[in-house]
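These notes are about the structure you will find just below.
Each chain carries a letter (A, B, C, D and E) given by its place in the written order, and its residues are counted from 1.
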């Protein structure tokens, strides 16, 4: 058995499961499993804290600020506990299952959405050793994991036995189809620089200095190196997570609430949660690929990482408030005729420039 | 290390499941899925033995197989679409204008 | 005259050896471009057909020139391998390229009239040319990977072509059945490749050949793998046991497509089967249980017998031709079935190749005649053909030539190719194979002559009205007939080339 | 190997948390079955017809395009990974860049053709098309 | 190159006629067919070779080059004539022209196709009689079938389809049997032959080079091959049990096609028997003399008896052909100069006479639209010239002295009586002579009932003398029959020179 070069273990920084296993004094497979579970639990909770609690709260506050309104402010400081109250309220509501739903699809769909987004975080380096796993194929895994969500969406759309849901599910698929390719191709243009799909490698590649101006070293973040790709990626990502101006799958004014029309109680919570995790995951990938991951001066890496994904979150909410929704045909036109072509152009140009420089 | 025979058994099992699906299902879409299963059985072998033999030929070829499987599905879906339009269903045994 | 070694000694770089495939691929892309300029416009059809025909003929010319110059042949330094040995250009691949390109050209020119009122003509021609590209690559494959990819490149457009008349239930049904069996067989083929890879650790044919001798502990896996590869080829060549699609697909498909599939596609299947089995699993070095020659002997006998008997019972001309093409697959299989560890293998294989060349003309012509008849709106059965000889004598003469040639009657090309085939089989010691082939040949005369009888001897129904005489279809049919006739006096260069290039494989 | 154990662990957790929430909700929530409550929502109207309607053919065209392009990215990715190291190890541009340019070029021809033939046109019915152009003209 | 030119010219003529308009096709075909006639006559005049082409004698107008190099057995384009084939070539060309002229009246649909096929057939017939390579010969041999199939099938009588298919299937299966037999023989010869040229094979076979093949030893192989080839050719001849296609084909075929069928196509069978079986394997032929002679006698008697029972004039002539061909076989198996030479001469003679008879029947049929003996009588009254020639032809058939038939039959009987191959040969000859009596009987009977006596005709057609272009071919044929009867040496000398080597050289394994 000759080990393949591709499969040699990465010699990157210590990962979270190992740290935990070392702390607990465990080793071998048991250590890996225990460490993995504990690490996973930790990461999931960090995310849930942000997405389930801070996310919706921030969304209301940001939207309110943009539209010059007063937002939640009754329960807790700055209305922070409103979300907790909402969660309890929703969880204790009756689960109404409409007639003639396709039960397996109807039930599985809401599970898949948070699952897909959470799973993607496994490979994201969040700084300060908070990094669950670092496989060779990290980036591909991240894209793959986040794509599972579309399966959930179509299951919900189909399973609900509702015309709005079906339309919403199909729109969601169309959106995913149209913007997945620009997203991935733009990601590929980054890979040309890094020569690796491993997340730690991608982050490490961005640590190198781009140029120094007056003693201040600007790191080689790919957002600086290739701002065009960054813009494309952020845009495609918006569509991928289904936010304005690309929120046609939900489009409340056209098709009620799209695929989530028939969901209530805990299912609604799960969907809602899943979408937020998804947005954060989109931010996390963008941060890792283009913004140096957890890198940043002075402050700890984890803080920088949070700051970056919150910045992305802020951006989505800004867009939500500022830009009208596209019509569905415009939406697909932008995807297939604009983004796709631009992303291929970006890839080719990047390859040519890199090739000529090297 | 998992012995290579296990991969062979696994892939053979998946291949046979696919074959079984083809032989017993009359829905064209399920037929397509079964074919995908069979192709993936081949991929398992290729990737596993790529590891065993220590070259990347198998892995690379697995990528090609996937691409071709996708292309095949694209054509297949097209044909199933026109099948649906002409015969009002996707049952492969519906289409019997010609004698066997 | 260009120096005979020009193409190896640096006059042209090595990569130009794949020029025929490149030309076809570029033609396909060009067709897409032309079609994109004014999509869906029917004025384009003449342009599209002529681009497709010209591209195919150009590729034919280049391949022929290479063959004459000796590119990739022993006299100029042997086969040219390219792209990490994945492709090989030698005499055999060029010879087969001739078949594919000329058939593609005939089909393209004939389709001009056949498709006159159809939509999506640009797609049709580009699919034909892409499929021809795939076939050309099939004949050049030196690795199971390229074999599989090119096989699919040839197959996928074919599926679409068969179902091209998407409002015609027969065409759709044919496309479906062709696709289903095609998908199944390509899955089987892929699995076979994976098993061969598991046993030998390589996909390159020469490396497999080097490894099979030592693969005795994996002989079982290898054996199953080889058997599955055989299944894939059987599909492409419409041989037993993957032949069921052929009658359905050929009957339902647009007739030019049937012509294309039954001639070029079949030849491509043989091209790849020849190379894979001869190169990767050389006789005499195989571990026990991988004796593929026996399998081919059984397949050859069963295929030719089944094809002929089934053809004899048909009422529909196209279906009869479909079964007859199964029968001819059986004859061509003799090329593999009559191989021995150190017999005159090149002669047998070459004879089979020559037969496929002749078959390319006569069978394409026959199907194109059917296309002509369909164009006129005359029916499909033998009876519907009654009296066509009086109304369309030229085309009917051509059809009679095809029929007699397919039956192997002397004055036509099919006679020599069958003779060469059976003769070589006897030379290799397989006189019983030749005998089965000869008996089948004699039987085949029965159903072929039914067509001729209908054309000339039966009286037409008074209502038989033929429309215009379409130029494109006539050109193609007459061209095929002339080719079939000329291949009798000009058979010597064909068989000589075929046997020379086939000998180079061993 | 450990990476995939950790990822598996996260997968377990990612399934476990929603399931846990469902369990909590199942304990908390009431169940008051009532006729009419479970009717499918159709803007307050009584639902008509099946909800599993046939949808626009364009979905299928787009899906096909996606299948093609998405799989091509699978083939592009390995190239991007080795591109730079191949260059730094002395491979010439014609060796590493040209093939991919050809590959993408073929894709582009395909896309152009699909574009011209309206495969990526979401609105294809003549009526909708006319409305669309009228709106643009206005 | 004269032979190639002849064949090529005929092919070109066929093509030209095929695309010509129907009205002129007949005249054009007749005019063009004069080219091969003149060519063959020129060949006859220039002929200076002697001996048998297969047995090392000199070959006239020879061309020989490699056509197809395949394995150990090359196919050559090898043509040439000797004393056996040249008379048959002359017969072919002349008879074709006359048949074409005689077809002007009866063929009234799709003329260009008809005459094109006639010329196409002529080209292939010339090829059959001149080819000296097995392959080339076989190609022409099979190619003759195709036009005849169409001639019967398209322009034939009521049951033409049945007759055409029957003809086609019978002769093709026969060809296949013969082909397999011969190829087995060639493979049995192994390395001692390097091509399929007939002289080479004949010399090798007579030189005892035969080995074993496909599990058969040389003796058995030779026997099997001989029988296979004999059967294959016998169908064409045809010989008694294998003759059933012939009456159907003749009755249904249009008269000009019958002329060709009886006049030339049947000779292909006897020619091939002589060339292959009797020249190449005399030892087997001599060993099998009794069965062959019996078959010949049966053909003679059986054909004659069947003719006696017929009402249809055409059928009478057809069955009498079976009978006549029996003589030829008897002459061949006698292995004497007069026997074999007479048989060859009889081929030509019978070609002319049977052609004459069929044409005469055809001329009567053109006028009366019936061929039944009972339907008419006293035709001589209204068609004196036709009737006269008919009677003269019948006498030729019966073997009246000074007619070609007499010469042929006389040579055969003389040779057969003198034969030493088997002590019973005289007996067989005597038995066969009964055939003459029967022939004379039935011909006279039919003639008397149709041509003489008071005029009676049941049909609605007006019976008058046939047009000149119908009668002229008859006259020409009669003239030729008489010329050959008076001066058989025109052909017989060259025939003898070609036949003698067959007898001289022994043979054996």
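FYI, a contact is a pair of C-beta atoms (placed from the backbone, for glycine too) under 8 Å apart; a residue touches a chain by one contact, two chains touch by 3 or more.
Just so we're clear, the structure is a prediction, and the values are computed from it rather than from any experiment.
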Chains touching both chain A and chain E: none
Co-neighbours of chain E and chain D - touch as defined: C
Chain E reached from chain B - shortest hop count over touching chains: 2
Chain separated most widely from chain E, comparing mean CA positions: A
Interface ranked first by C-beta contact pairs: A-D
Identity of the most central chain, Cα criterion: C
Farthest chain relative to chain C (centres taken as mean CA coordinates): A
Chain centre separation (chain A, chain C; CA means) in Å: 52
For chain A paired with chain B, centre-to-centre distance based on mean C-alpha positions, whole Å: 32
Whole-Å gap separating chain B and chain C, where each centre is the average of the chain's CA atoms: 26
Chain B and chain D: spacing of chain centres that average the CA atoms, whole Å: 22
Numbers and ranges of chain B residues touching at least 2 other chains: 52-53, 60, 64, 71, 78
Footprint of chain A on chain D - complex, ascending: 1-15, 17-19, 21-22, 24-26, 28-32, 37-43, 51-53, 55, 59, 62-63, 65-66, 69-70, 73, 76-77, 80-85, 87-88, 93, 96-97, 100-101, 104, 107-108, 111, 115, 120-123, 132
Parts of chain A lying in touch with chain D, wherever the complex brings them together: 15-18, 29, 32-33, 35-37, 39-41, 43-44, 48, 88, 91-100, 110-111, 114-115, 118-119, 121-123, 132-135, 140-141, 158, 160-167, 170, 173-174, 177-178, 180-181, 184-185, 188-189, 191-193, 195-197, 256, 261-262, 265-266, 269-270, 273, 328-329, 332-333, 336-337, 340-341, 344, 347-348, 351-352, 354-356, 358
Contacting residues of chain C [partner chain B, same complex]: 144-145, 148-149, 152, 156, 159-160, 163, 166-167, 169-170, 172-177, 179-180, 183-184, 186-188, 190-191, 193-195, 197-198, 201-203, 221, 247-248, 251-252, 319
Complex contact set, residues of chain C against chain E: 344, 347, 389-390, 393, 397, 400, 404, 409-411, 415-416, 419-420, 423-424, 426-427, 431, 435, 438, 442, 445-446, 449, 452-453, 456-458, 488-489, 491-492, 495-496
Residue ranges of chain B touching chain D (in the complex, touch as defined): 60, 63-64, 66-67, 70-71, 73-74, 77-78, 81
